[in-house]
Amino acid sequence: MSSNLQAGVVGASGYSGIELLRLLSGHPHIDVSVATSRKLVGQPVEQAYPVLRGRMGGLVFSDSEPTSLAATNDVDVFFLALPHGVASEYARPLYDAGRVVIDLSADFRLSSAETYKAYYGAEHPDLELLEAGSYVIPEIHGMDGLSDHRLFACPGCYPTSIQVPLTPLLKGNLVSTDGIVVNSFSGVSGAGKKLSADYLYCERDGSAVAYGLPRHRHLSEIEEQLSKAAGQQVVLQFCPHLAPMQRGIISTISVPGAGTLEDIYECWEAAYHGKPFVKLLPSGTFPDSKHVVGSNRVDISAVLDDRTGRFLLTSAEDNLLKGASGQAIQIANLRFGFPETAGLL
Amino acid sequence: MSSNLQAGVVGASGYSGIELLRLLSGHPHIDVSVATSRKLVGQPVEQAYPVLRGRMGGLVFSDSEPTSLAATNDVDVFFLALPHGVASEYARPLYDAGRVVIDLSADFRLSSAETYKAYYGAEHPDLELLEAGSYVIPEIHGMDGLSDHRLFACPGCYPTSIQVPLTPLLKGNLVSTDGIVVNSFSGVSGAGKKLSADYLYCERDGSAVAYGLPRHRHLSEIEEQLSKAAGQQVVLQFCPHLAPMQRGIISTISVPGAGTLEDIYECWEAAYHGKPFVKLLPSGTFPDSKHVVGSNRVDISAVLDDRTGRFLLTSAEDNLLKGASGQAIQIANLRFGFPETAGLL
Amino acid sequence: MSSNLQAGVVGASGYSGIELLRLLSGHPHIDVSVATSRKLVGQPVEQAYPVLRGRMGGLVFSDSEPTSLAATNDVDVFFLALPHGVASEYARPLYDAGRVVIDLSADFRLSSAETYKAYYGAEHPDLELLEAGSYVIPEIHGMDGLSDHRLFACPGCYPTSIQVPLTPLLKGNLVSTDGIVVNSFSGVSGAGKKLSADYLYCERDGSAVAYGLPRHRHLSEIEEQLSKAAGQQVVLQFCPHLAPMQRGIISTISVPGAGTLEDIYECWEAAYHGKPFVKLLPSGTFPDSKHVVGSNRVDISAVLDDRTGRFLLTSAEDNLLKGASGQAIQIANLRFGFPETAGLL
Amino acid sequence: MSSNLQAGVVGASGYSGIELLRLLSGHPHIDVSVATSRKLVGQPVEQAYPVLRGRMGGLVFSDSEPTSLAATNDVDVFFLALPHGVASEYARPLYDAGRVVIDLSADFRLSSAETYKAYYGAEHPDLELLEAGSYVIPEIHGMDGLSDHRLFACPGCYPTSIQVPLTPLLKGNLVSTDGIVVNSFSGVSGAGKKLSADYLYCERDGSAVAYGLPRHRHLSEIEEQLSKAAGQQVVLQFCPHLAPMQRGIISTISVPGAGTLEDIYECWEAAYHGKPFVKLLPSGTFPDSKHVVGSNRVDISAVLDDRTGRFLLTSAEDNLLKGASGQAIQIANLRFGFPETAGLL
């Protein structure tokens, strides 16, 4: 009915799906015309997700059969909020039907089929599409030359929080590619809406704990991207932890470097000047997950530990926004020529 | 009235003080006969601290003037739960009066007066006592030869969580003294009961954030102790963070090492076999702050990251128990010949 | 620079103030040109409130001297986010200078000067203005005849959560005016950003507790308004509690009534049909604070307890939005002819 | 090996079960020789429950087949921490085998078989045992004449928090039996360790919500017991809510009454003088869930709302201790002649 772009959200029963629906319901140029969920077919969206009451009109969850979705004529862009491995089953028919696909899963994030196999334990299901997919953190990769691309891999939450501070410094040869140690803390929603005893309130409240050491799956994506930026192989150590909070990620990156703190900040300024979603905090001020939750920002800052010859880079983002659904909409905004911040402030 | 040892808790209005009173109220061999607090003089302890209702009898907070405390005849051991810099004002008269003093502050933790000055910004107020003080993590330093010592520096919360996993490995030359990166996450009580906007509920709930980088005060104590263990200078990077929980600390230690995971566990077994308050978890299981809160344990485990040639050691403890008041009572138990676990199970 | 309405936020250093700034920064028809704070004069707003980074441009906190504010030419509407008793000092000069004043404090909420004195312990400071003030919950009182009013008392958080379900039923004589018992649970932000040990993280986390029984100040406003609705004196019991969460209020209202559940829902439908910020939930579904936090909604539902002849009405709202800043902007929207939901979705 | 009483904990995989094991592991006169769990058969208890590390020795979960348990010779007392309906399957063979059974479920709490059917939706499975069971809140019912009883129904968490303040006042005719309205707020552990999306961390954190209105199952037990105390039928309204915290219950009881506040306190003093686990707080001080979590206490206080002619009674307890496992051990202590507080301080 409106001249707005029409969007479909596929697999909307998880935390990223809810955020996509919430953000799009307030977007001035995009409307949600399709929301799918196998579990919730036929249910009004507002009934299933009370947090969306008053925002979604009469939208009802529809079935999520890939080929019938591909045949839906009036949807311009599909957001896939599906588990890895499942997303590619949808990406193929939607892509072949000429739609723009923005995938929030890990299915199209890697370039290397071998790395995919090593980290995800199976052959990649669609090597041709893997090649077609564009991995985009807008502030880092930009959208030049991608205006007619139709498959975008929205980067993961940990990888975004790590690449934003590190990538320009590696590109600028300001820090070492060797000996990098990253520690990240994520809110519980990062695990998705999994029905596991581990994610019960009484298990997570008051609990801080490492997990997935030493080879979390996001490591593959982090190293591949940082290696491209550095122009040489980067091997780093990545230590994710769960923190007792719903949302937000902070990353603390220890990286050897010979330059000055001013070099770091100048490099960041050059990379991120005018970017609405990256904020540089003064050295000595540390990004706080609480200050970014609800926004699409990444806050970053740096200190020099001259005793060890290492810089400490710290960052914070909302894992469900800049780390997932917000970034997906930012990509859509750029792809379709809307203001970068549309629907995201 | 009983034949129990009589204890005084000095500066009992903070979180460590409350824990000391709570633990001692259930101790089979120690009674609390004096609890001091400048702010709460004259108030019944149970009224000021509702969590202690039914445990403290009619005990009333008394004034905490050092010399009058030193003149109190019937107190055998004083626990000092005071800010650093203040503790030494009490330690001197109590020590001179022949009492045993267990100090939970940082005042007697360092050996080096220069390091003290560098980290605490002032000359140490009592160099003679600094020398007399014994720094004791019972599982590491033991109590041999200390049975007539009368001044004990109870180690800090972060340092305990880091030394328990690292010290035996450094002593055994199983890991490098170089390139160690430690990330720790602490519950909010670690900051004490400070009336600062930073510690309001609405500021900390949902907040994970780094702080004190790159030179937190505990770093001085960590490096001094680890250097003694290694027999050479250890310079490491220490990154503390606040997690949105009341209690508990986890530490994730990245340390280069050439050996095998079995070496690590054998070394730990040798060091901690039979120690009731150190638990080795199988590799791949990670210590969780929630599992140690309320206990005097440190849980530790290790994985090998062969991609980077580094071990990841992880630990968890209750910052107010093994990281403060529990450890203080453990020291008292050993000093006075009580079972090590008395009052601590 | 824009043709937007210009707003001033006075006393912006509290939780309501932050919310006003956040909401107005995204409002399509209102700009913030003045934000005052005695404590933060001269500080950039985004620096003092990191959560607002990227939203406030270069706005700097200005001094909040009432007469100089009144002399500021280009501000159309002032929002007062000040403690009660202080707000009236600002309301007078701003009102006299012809500005529209929307007051979030309790200063102009009561009609009765005696009630004010009884509950606030002092004579009302400006009886003339007290009379001029309009108490408006838009869904209940509407804005008819108020288009040229210039002083609005934005109702309190508890009172809004109680009046929305109760008022239409009292007006419709569906429930008794006698024997009403209200229990409410509020997030900690309801207490404001007070630097008191009671509001420290370690004191509130895990704590549920009643307070202010039996005569909380909001009771005066609740009874005055409900009595007007009922056309007779309503005396009720109001039991507020603190819940360990940042935001949100739920109220559970026990009220004797002779009719059916259908009567209740029909009455509500008649009162709230088409109102964007009141949602009726089916009987047996209970409003959850979590589902309204971040929105300007009040969710309400009812069950009949035929064993006791009482209805149980339940409601939920965000205490800082529909209970404060959101409602204030809703009032401004209606007063200035903007869409009711502008800046609030 | 010891001369201690030997206990079995049946169904130890829930939150009450863990608490029973934790408390009994520190009990001076009772040892746990059997812990059963269908899910965890063969697993060491300390491995399955890391919070118990260092407390349970080599105890391994055994199978929980009722008749083989009944044939275990060396167990003196069984604690049943099982769902209602399941507990009675165990109670019968264990009772017939001459053991003492302390049941934490609802199976033996009611006297009336009709009430059981009305609230639990099925015929009671063992009417003979229902009659044999003794419902005991030690401070209210005492243990006179029960020294040879062998089946005890440990009262529920909500009912204990409500009966402790109300029962003596109803017995003393100080308050009305009519028009009582109870609102209770419980920590999430009250729901048990259920694998339901409702109890995920991200669903409960920040959520306050009513549930089970108007006829929660505990209402049956509350009314039956209060009616016995009052000597006439008590019909009240009970409104339970979930609060975003792990443990603790607070109850706020509104009850009409003609007397003075002094009458209330005198009556309570007479009833609870010398009882170690009931604390009377001064009027105007409100019981806080945080102050009782970890203890076996109930804290109570009262205010008079003379405007409505009602008393407000408030109470707080740990739902897993005085509301479940702590009370069960208190009953065992009294039944076997141990000090009432053994293992509970």
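As written, the chain order gives the labels A, B, C and D, with residue 1 at the start of each chain.
In this section, a contact is a pair of C-beta atoms (placed from the backbone, for glycine too) under 8 Å apart; a residue touches a chain by one contact, two chains touch by 3 or more.
Keep in mind that this is a model prediction, so the values were computed, not measured.
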Exercise for the section: Tell me which chains count as touching both subunit A and subunit B. Expected result: C, D
Handout entry: Of C-D and A-D, whichever chain pair has more C-beta contact pairs
Key = C-D
Problem - Centroid spacing, where centroids are CA-atom means, of subunit A and subunit D in whole angstrom - result: 47
Fill in the blank from the handout: Averaging C-alpha coordinates per chain, one finds the centres of subunit A and subunit C separated by a number of Å equal to 36
Completion exercise
Per the C-alpha means, the centres of subunit C and subunit D lie apart by a whole-Å value of 40
Fill in the blank from the handout: Going by residue number, subunit D touches two or more other chains at 203, 205-206, 244-246, 288, 290
Problem - Complex contacts: residues of subunit C adjacent to subunit D - result: 179, 181, 183, 185, 187, 203, 205-211, 213-215, 235-237, 239, 241, 243-248, 250, 252, 254, 286-290, 293, 303-305, 307-308, 310, 312, 314, 316
Practice task
Using the touch definition up top, name the residues of subunit B that touch subunit D in the complex.
Solution key: 25-26, 50-51, 53-55, 276-277, 279, 288, 290-291, 294-295, 297, 299, 345
Handout entry: subunit C residues within the subunit B interface of the complex
Key = 15, 188-189, 193, 195-197, 199-206, 244-246
